[in-house]
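Quick one: structure below, then a few questions.
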């Protein structure tokens, strides 16, 4: 009987620890939603910032983030998908394949600020792009590349081998087989992975800090060589660098909420699509 | 071991390895034209591996290699400059588990002709009707060609896969336990079909169902642990085999 | 033959795409090295081991990265204190104890947590945790190593939970059945059979989580107070390697000693996370081999 009681206590401790995580996550989201909601109106979302961001809206930051993320996806999606196709469909065991895998794992572990340093060294200085959308997008694309490769590989591996064999046995070439009989069934999963990548790219601050982000730039960019504001950096600036940080509290919460919403919408879409396609394609 | 003066397929001293594990040992064999040759033996005896040598399907498995020769009409199919695509067009294959593509019935059969460059709709329709007819499934599907092939029953799926293989007009048809996952009625239909098809095709069929081998084949090869133990007329194998091991297997003493 | 050529070209293109990952990793090492290298000749490598980091000074600028390293180590150690128990217990709960319904509830929360941008976590720390720490421990400021450590643990929890969970779930049922059949309780089975069998996976999960913690920038930049001094007191302000780069790189003159010093910090950071990653992968691979 005694043993049972002590087991029960331990069970409850474990349960409390697990739910504490849930509570904290809920608390963060709740806090930001409640305090940010009053700011969430058209003037704020569609307006330009005034007085170094203490008044007005955050349109340039939203647009900047959209540009950066689109650029990053434009580079990382094809690269990542092609890498995954090579790894699942063509690669044979050997040194080259091991090296690629090692590189992907390494890339996934590189600290985001190091991506920033690297992006600055390569794109901003070496290529002479200056702090610009193109430098920031490339830097972000390298950062999300492993995410896209790994989830694309999963999507390809989920297509049964029998479809490949069936096609090859009919005399299709390897590429015909992949193009006509593998990719159509793997594409939804591959795009789901890239949505996760988008979510990550939209929320990252450190890589854009040194490559593109502008402190205060109340206009929209006119070319890919322009600097832009970006939501996560804008939040950082308002919260820590602003001379009247306390006064602009509603602006901070509003920005945090918009950023959180964008990232969570992308993530939840990806999670939903993933379970949808898993159910749809049961082989 | 029977020999033929003009075999369709000639295998000479074939060894095959998965990495360092040898799966086939020194196999020499003739496969006659427009007959059904059955490959029997217990699971893991190498019969499927041997079958997949004939259309080079083992090429897609990482880390495999072989020694010896496999010739079709005197051409070494593993020789330099052999076009694997052309080879696989000549040598069709039907798999153990039916593997229709998740496309419409029409698209399944059209897949092969299309990749080999046939675009003309009328010609395509013609090939498809003929293939489905030859696979004895035309009447069942002619009114729902645009339905997804996955909606067919297991036996129908397998006949569709046969039709798909026939649509590229092969000379040889390899069948890897084509009826093992089917109910008795569907199995009987497939066996009838094989009897029809041997008029025009050289058929090699892997089966571990000995009654099936006895019913459908003209010649039978018995494989054991990667070796070809005995190859003869099906009648001979099943009535008075020369080798004790074959007899033991046929009479059900092992395997 | 035309088909053949097309196949070859496509394969070459795919090989090229797959090689970019290798190429990028090499470029990262190359560029960090290239920009850090001048520091060795001027002012010399030994300067790095100074115990003071004074990048802006009228007398003499000193670029000793020891305080930055101790800052990172302290914050990481504090994070580990929270990360390991909560991460492992969370994984055990989700995989072994929770009912189906609970799992469906818990997992989305973990996924949401994984998705929250670090700058938002940092913002939350600044707004809420900061004053909590200040009030509870009666400090002058809540911007301490402790605050940073707690938030970093929170950020890395999803990594630890998801990888540990995989390891725990992949422990064969037969092990657990054998233990239960011997009359062990469910908890004893988890503690004496399941967790030990999954231990390599759990260790790898923790190491990957620690890699994330050391490399995280925005949270520490926002909440640790950024005082570059050697301290082992969790209630002190500290400055990590990541925060130093983020805070100073923007204002530094291109090609100055300070600039090169920051790249040196970047290399240390890269090597530490690379090492952790490699060990974790080795552990995971060995584990999967069984």
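Letters A, B and C name the chains as they come in the text, with residue numbers starting at 1 for each one.
Rule of thumb we're sticking to: a contact is a pair of C-beta atoms (placed from the backbone, for glycine too) under 8 Å apart; a residue touches a chain by one contact, two chains touch by 3 or more.
What you see is a predicted model; the values in this text were computed from it and never measured.
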item: Furthest chain, CA centroid comparison against subunit B; value: C
item: Chain pair whose interface holds the most contacting C-beta pairs; value: A-C
item: Core chain by centroid distance, with centroids computed from Cα atoms only; value: A
item: Computed distance of Cα centres, subunit B from subunit A, in Å; value: 48
item: Centre-of-Cα separation between subunit C and subunit A, whole angstrom; value: 17
item: Length of the line joining the C-alpha centres of subunit B and subunit C, rounded to whole Å; value: 54
item: Of all residues in subunit A, the ones touching two or more other chains; value: 173
item: Residues of subunit B touching at least two other chains; value: 85
item: Contacts with 2+ other chains: residues of subunit C; value: 3
item: Residues on subunit B engaged by subunit A in the complex (per definition of touch); value: 55, 57, 60, 62-63, 85-89, 92-93, 95, 97, 99-102, 111-112, 115-116, 161, 164-165, 168
item: Subunit A residues touching subunit C - in the complex, by the definition given at the top; value: 3, 7, 10-11, 14-15, 17-18, 20-22, 24-29, 31-32, 78-79, 82-83, 85-87, 90-91, 99-100, 103-118, 120-122, 125-126, 142, 145-146, 149, 173-175, 199, 202-206, 209-210, 232-233, 235-236, 239-240, 252, 256, 259-260, 263-264, 266-268, 271
item: Parts of subunit C lying in touch with subunit A, wherever the complex brings them together; value: 3, 6-7, 10-11, 13-15, 17-22, 24-25, 27-28, 31-32, 34-35, 85-86, 89-90, 92-94, 97-98, 105-106, 108-124, 126-128, 154, 157, 185, 187, 208, 211, 214-218, 221-222, 242, 245-246, 249-250, 254, 262-263, 266, 269-270, 273-274, 276-277, 281
item: Residue numbers on subunit A that touch subunit B, as the complex places them; value: 92-93, 160, 162-173, 176, 180-181, 185
